[in-house]
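Below are two complexes that have chain A in common, paired first with chain B and then with chain C.
This part shows the complex of A and B:
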C-alpha cells in the first residue's frame, strides 16, 4: 500500500492528480455554493469534452515529434461543410433525423480527409509539421471563409442540438463521447502496436525506420486519426453553439498544446499519456471556470494559467533530474 | 527531498489561488450585472468598461465587466456558462456571433437571469432589452449632413468604405445615399463605394487614386474607423486639404493629428463609455421594474429613443469630433 502511494507521488500523473484535487478543494472552499453547485459541476461536464478531445488530438501529433497548428481550423472547416450539408438537406426535405445523420457523417468524413491532407504533406512529401500545418491552417481558414463569407452557418434541426446539450442518465452526451474517445486513445497508444510505433517514431524516426516500422504510413495514419478527433470536437462545438463558423474555438489551439505539455507529453516527441492529458485539461478547465466565477479579470486568468504551466514544467524537470541523480 | 518539493508546489499553487479568488465573492443580496464585450483590451471596449463601472459606482451595485481576450464566440459561451453558475442578475452581452450564443442565453433565461444585448444585437428571441448605440438611418443621414456642411450642397464626392460585405457599413451608406438623393440633389457621386479592407493604408492608396482620377473632387466620406484617416492622409499629402473636405466615422484619439492639420474636417461616432453606462442603468431599472420608454431621460447619457417593439433602445444622436473637442474623449 505504502509503495503504491509512493509511486503515485513520484509519477507525473500522480502529481497532476494531487494538484487537481488541491485546486478543486481550494475552489470549493472559497465558493461552496457556487463552484461546488450542482449547476456548475454540470456546466463543467459540458465544457470539458470539446477541449479534452482537441487536446488528445494535439497530443497524438506532438508524440510523433510534430505539432498541428491547423487543429482548430480542421474542426471548424469540417463543421462548416457538414453544417451546410445538414441545414440545406433539412430545409429541402424537412427530415430532421436523416439530416443529422448526413451532417454528422459529412463532418467526420471531411475531418478525416483534412487529416489525411496534413498527413500526406508531412509524411510523404516531408515538409516540417509546423510549416505544413501552418499552411494548412491558412488554407482551411480561407476555404471556410469562402463558404461562410464571414458569417455563421446555422439553421440546424433542433435534434442536432441534443448532441451537445442533453444528458443520458444524468451524464451529458458530450461527456459520453469524450469517455469513448478516451478509451479508444488509451487502447491505441498504450495497448496497440501502432501506439508503440508512434512512440518509437517520436523518439527517433531513423531508428524506427531501421527496426522495420513503416514510418511514413504510421505518420500518415496518425494525422488521419488526429483529424478525425478534431472532427468529433467539431460536432460537439457545432451542436453546443447551434451554428458553425471558422473562428469557433480558435482559443483552444494554444491551450491544447499547453494541456498536452502540462500532461507530460514531451514536446520533442516520443512520450505522452492519455491520463496525463486528461488531468491537465481538467486542471486548466477548473482554473478557468473557477476564476471566472470569482470574477477575476480575464488577463489575470491568462497570467495565472501561464504561471501554473511553467511551474509544473519546472517541477517535472527538477523531478527528472533528481531521479537521474539517484 | 521529493516530499518537500511536492509540499512546496502545493503551497505555491494554493497561495496563488487564494490571492486570486479569496478577496471578493459578491454578497448574494447585492445586485450583480455582467457586461460582456466582444473582447477586452481594445480602446473601444476599454472606454465602454469605464462607463459601465462608473454606472455601477453611481448606482451602488456590482458590475462585472469581463470578456474573452480574443473575439471568439466559443470563449464567450464558456464564460457565460460560468457566470450563470455564479448566479448573477443581468447578463448584457455584445455577441461575437449571434447564433452561437442562443443556446447559452436560453440557459441563462431558464436560470432566471435577465438577458440584454448591447453594441451588437443577439438573437432577438432570447433578449429582453436590446441596447443600440445609434439609429442606423440617422447616422447615415448625419454623415451626409456633415459632408454638405463642409463642402457645400453641390459638387463631386466619393465614398471610401471599410468593406463591401460589412452589413452595418452598407446600411449606413444605403440610408445616406437615399437621403442625399432627396435632400441634396446636386451632390454627384463619382464612383461606386470604394472598399479598403478596414485598413488605413489601403484607404490612403485608394484615395490617392481617386484624387488623380477625379480632379474636381470636393468631398470624401469615410465609413469604418480607419477609412477617414487614410483619406485624410492622402488629401494632406497632396496639399488638397482646402479643396477636398474629408468627413466620416472615426475614433477621436486616432483622428487627432488629422483634425489638427485640417485634413479631416470632422469625425463622428458614438461614445462607447456612454453606451456602457446606459446599458448598466437600463439593466438596473429593469430589475426594479422600470422598462425603458421613448424619450426617457438617463442621467449622464441623455434622452433615449425606444422603438415600437418596446425593447430596442437607441442611445441617441452621434457625437461629432472636431479639432476643439477630440482630446476630451478617452478612446
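This part shows the complex of A and C:
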C-alpha cells in the first residue's frame, strides 16, 4: 500500500492529480457558495467533455510526433455539413428522429473524411504535419464560411439538443460520451498493437519502419481516428450551442495542445498517457471556470493560463535536473 | 553545390511566375506599377516578419507568439507617440528594445528551461496578448502625432501619374531592406549563421562541434524580436493607428509564407531568397484574388489549397530527387558528395 502511494506521488499523473485536488480545494475555500454550487458543478460536467475529447484527439496526433492545427475546424466543418443536412431534412419532412440520425451520421462521416484528408497528405505525401494541417485548417475554414456565409446553421430538431443538454440517471450525456471515448483511447493507446505502433512511430519513424511497422498506414489511420474524435466533439458542441458555426471552439485549438503537453505528452512524440491528458484538461477547465466565477477579467485569465503552462513545464525541467544530480 | 541550391528554389519561382501570368491575363491591372507598389507596401511587414521567423525555423524552433509580440510593440509604440515623445528615432529605439525583450523572454524559456518552442511560445502568446488586451480593452489607439504620419507618407523616387497623384517606393523600405540584408549577412557570412544551420541539422552534434547552442538560441529569438520591433514601426507608420486585433492569426501566415519558401519546420533548411519568394507568392495570390474579384469566402479555400498543393508538389519532387541521388550513389560507387 505504502509503495503504491509512493509510486502515485512520484509519477507525472500523481503530481497532476495532486495539483488538481489542490486547485479544487483552493477554489472551494475561496468561494464555497459559488464554486461548489450545484449549478457550477453541473456546468463543469457539461463543458468538460467537448474540450476533453478535442484534447484526446490532439494528443493522439502529438504522440505520432505531429500536431493538428485543423482540429477545431474539422469539428466545425463536420458540424456545419451535418447540421445543414439535418436541418434541411427536418424542414422538408418534419421527422425529428430520422433527421437527427442523418445529421449525426453525416457529421461523423465528414469528420472521418477530413481526418483521412490530413492523414493522406501527412503520411502518403509526406508533408510536415504542422504545415499540412495549417493548410487544411485554412481550407476547412474556407469551406465552412462558404456554406454558412459567415452566419450560423440552425433549425435543428429539439431531439438533437438532448445529446448535449440532457442527463441519463443524473449523468450528463456528453459525460457518458466522454467516458466511452476515454475507455476507447485507453485501450487503443495502452493495450492495443496499434497503440504500440503509434508510440514507436512517435519515437522514431525510421526505426519503426525497419522493425516492420507499416508507418504510412498507421499514420493514416491515426489521423482518421483523430478526425472522428473531433467529429464527436463537434456533435456535442453543435447540440450545446443549438447551432453550427465555423468559429465554435476555436479557443480549444491551442488549449488542447496545452492540455496534452501539461498532461505529460511529449511534443516530439512517442510519449503520453490518457489519464495525464484527462487530468490536465480537468485542471485547465476548473481554473478557467473558477477564475470566471471570481469575476477575473477574461484577458487576465489568458495571462494566468499561459503562465501556468510555462510554470509547470519549468518545474518539470528543474525537477528532472535535480533527479539527475541525485 | 551552388547550382544545386539554385535549382532548389526554381519550382517555386515557376509557380510564382505562372500564377502572376494567369492573374495578369485575367486582369491586366495586376502588372501596373501602381499595383506593384501597393503590393510592396501591404506585404512589407509580412516580409520582415518572415525574415525573423526564418531564423527560428532554421534552428528547428517555431514561434507562434510573433503576432502577439508585434501587437504588444505596436501598443507600446502608439502610447509612446501619443503621450511621451514625437521623436521618431527615440520611438524606433523603444520599439526595438521592446521587441528584443519579448523575444529574449522566449529565448530564455527555450534555451535555459528547455521548454519545447511551440509550447513556450504558446504560453507567452497567451500571456502577452492577455496583457495587451487587458490594458487596451481591445480599443484602438488613435491620435498618432502628425510628424509620424507625415514620415509614414513619404515616398521615395516619386512619379506623377496622369491624374496628378504621386506614386513611389514607400519609405518603409528603409526598414525592410536592412532587415533582409542583415538576415542574409548573418546567415551567409558569420559563424553565428553557420551555428544556426548546424543547430537545425542536429543540436547535439552542433554542441559537440563547439557551437554554444544556448547562446545561439538566445540570439535568434532576440534578433527576431528586433525585427518584429522594426516591423511594428513600419506597420504603425502605414496604418497611422494601432488596432490590438489587427494581427489575429497572423503568426500562421508568417509561418506558412516561410515554409512555402522552402524552409523546413524541422530546421536546417531555408534561405532568404526562398523566403522572399514564399512571401511574394502569398502576396501575389492574395492580391490576385482581389483583382480577379473572387468572393471573400472563396479566398480562404484557395489559399489553403495552394499551401497544401505547392508543398505536396515540393515534397514529391524531393522524394524523386532523393531516389535519383541514391541511384547515382550506387552507380558511381558513392563518389557523389553533397
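Quick note on the criterion: the second predicted complex is superposed on the first by the 320 of 326 C-alpha atoms of A that agree within 3 Å, B and C clash if a C-alpha of one lies under 4 Å from a C-alpha of the other, contacts with A are read in each partner's own complex, and residues count from 1 in each chain.
Please note the rule applied: a contact is a pair of C-beta atoms (placed from the backbone, for glycine too) under 8 Å apart; a residue touches a chain by one contact, two chains touch by 3 or more.
Quick caveat, the model's predicted, so the values are computed rather than measured.
After overlaying the two complexes on the shared chain, residue contacts for A:150 are found with chain B and with chain C alike. Once the two complexes are laid over each other on the shared chain, residue contacts for A:179 go to neither chain B nor chain C. Once the two complexes are laid over each other on the shared chain, residue contacts for A:313 go to chain C alone; chain B is not touched. Considering which of chain B and chain C touches more of chain A, the answer is B. Of the two partner chains placed by the overlay, neither chain B nor chain C lies in contact with A:207. Using the contact criterion defined above for the overlaid structures, shared-chain residue A:302 touches chain B and also reaches chain C. Shared contact residues of chain A with chain B and chain C: 149-150, 297, 299-300, 302, 304, 307, 318. Every residue of chain B that touches chain A in the complex is listed here, in rising order: 1-3, 5-6, 9-10, 12-14, 16-18, 20-22, 24-26, 40-41, 64, 66-75, 77-79, 81-87, 96-103, 111, 165.
If you check the complex, the residues on chain C that touch chain A are 62, 64, 109, 113-116, 118-120, 122-127, 129-131, 133-134, 252, 255-256, 259, 264-266, 297-305, 307-308, 311-312, 315-316, 319. Those residues of chain A that touch chain C in the shared complex are 67, 69, 121, 125-128, 130-132, 134-143, 145-146, 149-150, 254, 257-258, 261, 267-268, 297, 299-307, 309-310, 313-314, 317-318. Note for the complex: chain A touches chain B at residues 9-10, 15, 18-19, 22-23, 26-27, 30-31, 34-35, 37, 39-40, 43, 46-47, 149-150, 152, 154, 161, 164-165, 237, 240-243, 245, 247-252, 288-300, 302, 304, 307-308, 311-312, 315, 318-319, 322.
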